[in-house]
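Some notes on the structure that comes next.
Just so it is clear, A, B, C, D, E and F label the chains in written order, and each chain counts residues from 1 on its own.
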Amino acid sequence: MKPVKRVEIITNSVELQEIESVLDEMKVSGYSIIPGVTGTGDRGRVEGDELTGVCTNVYILIACSDTEAQKITEAMEPVLKRFGGICLISEATYLTHSSD
Amino acid sequence: MKPVKRVEIITNSVELQEIESVLDEMKVSGYSIIPGVTGTGDRGRVEGDELTGVCTNVYILIACSDTEAQKITEAMEPVLKRFGGICLISEATYLTHSSD
Amino acid sequence: MKPVKRVEIITNSVELQEIESVLDEMKVSGYSIIPGVTGTGDRGRVEGDELTGVCTNVYILIACSDTEAQKITEAMEPVLKRFGGICLISEATYLTHSSD
Amino acid sequence: MLDLFLGNFFSAPVLFFVLGMLAVAVRSDLEIPAPMPKLLSLYLLFSIGFHGGVKLEQGDMNLQIVLTLLAAVLLAFIVPVYCFFILRLKLSLANAAAVAAAYGSISAVTFVTADAFLASTGKSYGGHMVAAMALMESPAIIVGVLIVRLNASKGGGGKVKWGELLREACFNSSVYILLGSLLIGLITGEAGYKDLKPFSDGIFKGVLCFFLLDMGLVSARRISGLLEQGWVPWLFGILAPPINGMIGIGVAWLLGLSHGDALMLAVLAGSASYIAVPAALRLAIPEANPGLYLPMALAITFPFNIIVGIPLYDVVISKVLST
Amino acid sequence: MLDLFLGNFFSAPVLFFVLGMLAVAVRSDLEIPAPMPKLLSLYLLFSIGFHGGVKLEQGDMNLQIVLTLLAAVLLAFIVPVYCFFILRLKLSLANAAAVAAAYGSISAVTFVTADAFLASTGKSYGGHMVAAMALMESPAIIVGVLIVRLNASKGGGGKVKWGELLREACFNSSVYILLGSLLIGLITGEAGYKDLKPFSDGIFKGVLCFFLLDMGLVSARRISGLLEQGWVPWLFGILAPPINGMIGIGVAWLLGLSHGDALMLAVLAGSASYIAVPAALRLAIPEANPGLYLPMALAITFPFNIIVGIPLYDVVISKVLST
Amino acid sequence: MLDLFLGNFFSAPVLFFVLGMLAVAVRSDLEIPAPMPKLLSLYLLFSIGFHGGVKLEQGDMNLQIVLTLLAAVLLAFIVPVYCFFILRLKLSLANAAAVAAAYGSISAVTFVTADAFLASTGKSYGGHMVAAMALMESPAIIVGVLIVRLNASKGGGGKVKWGELLREACFNSSVYILLGSLLIGLITGEAGYKDLKPFSDGIFKGVLCFFLLDMGLVSARRISGLLEQGWVPWLFGILAPPINGMIGIGVAWLLGLSHGDALMLAVLAGSASYIAVPAALRLAIPEANPGLYLPMALAITFPFNIIVGIPLYDVVISKVLST
């Protein structure tokens, strides 16, 4: 059990590929994606009923170290500014298969 | 980056419309919805295999201020009492496109 | 409102039945499941595009007491070691229909 | 007569239903992934509604049709009331009202299966029976909620939003697609039918088989939850269909309906709702236990009707109408 | 002439579309669950593409076909430019460019509905019109993004990834499945067609009805969002289709196209994209409001074309081509 | 002979498969949204099982059929053992056992594609080959797990739940729906077949095309992961099918099977599982790398069989059986 940061990102699903490549470049040890999220925010309702997927959000959860969290939020800031969405950071402890 | 409350609500999907209208009336700045959640609780198993959607839960995440969190939990209490489900509040910090 | 632990488990969906029976045996008061999660970790990409469901993860959220959280993480450790995935524990407060 | 039962049992739709139930028994991982069952059920409602509309356009409106529709609605109001008084002997107010509402309403898939059964015996029924089905779906919801409100002690629970409830009763998705497709069938008539036939008719029985496979899975999964509820649900779930079915046949006999129409009315009266009613009750009577009314309709009454009820009603109708 | 409009309105596809719109009006809970609409749209594109390829294999390549394809591409580049200058009078740069791009592109479902309309009047169109549709889908995206970049003040927003954008314009899923199926139809020809006919042809119209039911739901849900946007979207959304349609008919007349080909070109010119273009613009012009360009194409122009536009273009073509 | 290969390559199902692979190459966003592929695969299994049952009902049971089924099961036990010893030269214990299990099992979609190929050459095969397929699906899972357990050092990993494993081997969804549909076809016979034909037969080839489009996407996406694994997976993935296929043909020759039955046996022996086996192994041999056994079966062997294997086996059978 070790302390980690929980970074949560919710944004439009068209942005997913971009964000994933940012995370992959950063070599974060792992992340999880929940598709099919709907919601409301400054840019109005995202109903998820479109044919395009343009109107669906995606939820990304990353458990990572302090420094990684720092880097991720820095990288996310312009993306969220341009495309909307939020990024939350909270505290947690971590139990993993590779923790010894 | 500013501190926020993370309010999480999990309840039966038939309640969603009601909850959304409560949130919209409160004018919370945003929220996200994950559909298709299953689970177990005091009211038994929610298997999600019905034709009605009666047997699916929904997960709602709201990042908001202290006072908003307070109001939401007050509004949720009778709903959860009547229809089941849970409401969790935790701490986080917040990075958003509109934060300056 | 009472303090609780938020236990989050993300692992391969083939493990779900096993984990659920562990939780049911422990008689935790409730848990929620989000299916269809994808992700990346030590065991590579889980794309979710297979026909088998072998390549999908599942997200499990349990709001429980300290001791329960302790027991769950102990029970999860060998499972995660064998099949991969992560387990996060964080703090929250709890509003529920049965809380009086 | 045994022939008829075996013939029904060994028809493809019923066998696929049984295959689904067995899959749960042997713990196979077979499943029709969501949301396909929902789509298949929309398709079946569309198909039956559209075909009903086309048939209606070809026949002509007469007094018997009007009386049949009136009788159908009347049944839908009366059945839940008498069921409630019986159920109240053993169940709580909310549960008795909810179960009564389920049994006062109808099961469209039972109707569709009866349609396939009837076709295999070479008989047919009038398009207005589809309208009867749509009309019978929702009154029981209103009756159920009324019962609870009239009997409930003051101050309990939230208030009922009657406007919402009525709107949902009239426009819930199954009533809506059924009546909508019926209307469109009525408007486009034979020409429209010819265009849509390969879709609405050709693949109909195959889709029904697939859907019943899922119904078998879903209903078998629900049985375990019922085992803790004692013998009351089982007794009611197995006796209500034939009794209500016989009431339906009685009405059919009074009105002088054809064999096919009589069978469909019996099936409507004898079946119980596990879609529209539970969806409405979950909101309107949250005190009632969905673990009771849903599996009773789904895991006892539905299989009973599919396997035993439909041929039973058919036999009785043959006897009764020939007198 | 009124006959034609009523005949179109009372055809099954259009009626199902209207049924979907009404469902939203009465707040029915009817919905075609995701991701079915996406699959149905893939099916329709496959079917129309495959059939087009088979038709192309049976005809022979000639100069008129080549000219038609060239003219189609030209239209797809010019229409968004002239639309932009009109829209810019009332909208912001990004919004004007985005709406212009949507209207410069095409709506495949409108094309498919026109196909069903044409079949019901006993006429047909050439397989190359499917190729024209594929070619007309993406140029407007590039035009839209170019417009924004050329007019934007320096330093605003991120840089455009032109490579990505071009790739997406050429290989987005609708263009890809359309051209791919067309090619496969071209290769397998009549023999392949016979094999696939019950799937690609038999159930086609039924699937179209189901899909239009969903389009009705989706487009009606979008209307409310438009009410806050004033009259500009409504005016443009209703005037652009007939005007662009007439331009298409003019081109058809110049090229001496057949009635069927002319109708399809008019429909392509007069329709607006609510799938490929919004998906691309959400990334490429994030400053533009998807709550504007998407519902304009989906909730105003699409219904207009389905209900009024198609028979209107047909009437005009009858008049024009007979001169 | 080249004709046969080209004829196969330019058939609609194979072309759609290639279209899917190319979509990944050009990074199109085309996808068949989940869970549709799962449903399509259930449909294909249902269709092939049901048709097999009907054919079985029409033929009669004889010694050759019994011997064929026995031989099929024997193959399914022997092939993974010999494959394991070869693979163990280069791979870890767990990986070698897992890959061997995949290749000892079968690919139903390859079988289905061979069915379409056979139909296009005017030949047919016996319904019992569907039973053979069902019987060949699971033995290799048990062999694979046994190998690991017998060779593993004590104390490693959890214990195997043999009961669970056997149950899953016998009742996993593909075996279950295949055998269930076969039984129902056997029971309902010609009459049931006629009823379901538009669904089970009419749209079959179209659904196969759509499904292969998805298989193309899925298998192409998997190739990249294989590039890091060196040449062993490629060599084995391309050599195993023809070798195992030839073993199948040898058995067919010994038993004197018809051309159609021989082809199906070759395809079963030569194909590898990417559904049932990976699902079982992920739980039973978690030490094995799913990034190895899954893409080998899916991205190398499946395309090989679809494009080259099936016509190859056909040619060899023509040569061998004519001697």
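We adopt the following convention: contacts are C-beta pairs under 8 Å (C-beta built on N, C-alpha and C of every residue); 3 or more make two chains touch, one makes a residue touch a chain.
All of these numbers come straight from a predicted model, not from anything done at the bench.
The set of chains touching chain B and also touching chain F is given as C, D.
Path length between chain D and chain F in the touching-chain graph (shortest route): 1. Annotation: B-C is the more contact-rich of the chain pairs C-F and B-C, by number of C-beta pairs in contact. Chain A and chain D, compared by their mean Cα positions, are separated by 45 Å. Mean C-alpha positions place chain B and chain D at a centre distance of 34 Å. Centres computed as Cα averages put chain D at a distance of 41 Å from chain E. In chain F, the residues that reach two or more other chains under the touch definition are 31, 34, 38, 198, 202-203, 279. Of all residues in chain C, those that touch two or more other chains are 34, 36, 82-84, 90-91.
Under the touch rule stated earlier, the contacting chain pairs are A-B, A-C, A-E, B-C, B-D, C-F, D-E, D-F, E-F.
Touching chain F in their complex are the following residues of chain C: 12, 14-15, 36, 43-45, 47-55, 78, 82-84. Note for the complex: chain C touches chain B at residues 1, 4, 6, 23-24, 29-36, 61, 63, 90-98. By the touch criterion given at the top, residues 8, 10, 34, 36-42, 57, 59, 73, 76-77, 80-91 of chain C touch chain A in their complex. Chain D meets chain B in the complex at residues 31, 34, 37-38, 41, 157-158, 217-218, 221, 225, 274-276, 278-279, 282-283, 286, 290-291, 294. Those residues of chain D lying in contact with chain F across their complex are 10-12, 15-16, 19, 22-23, 26-34, 36, 120, 198, 202-207, 209-210.
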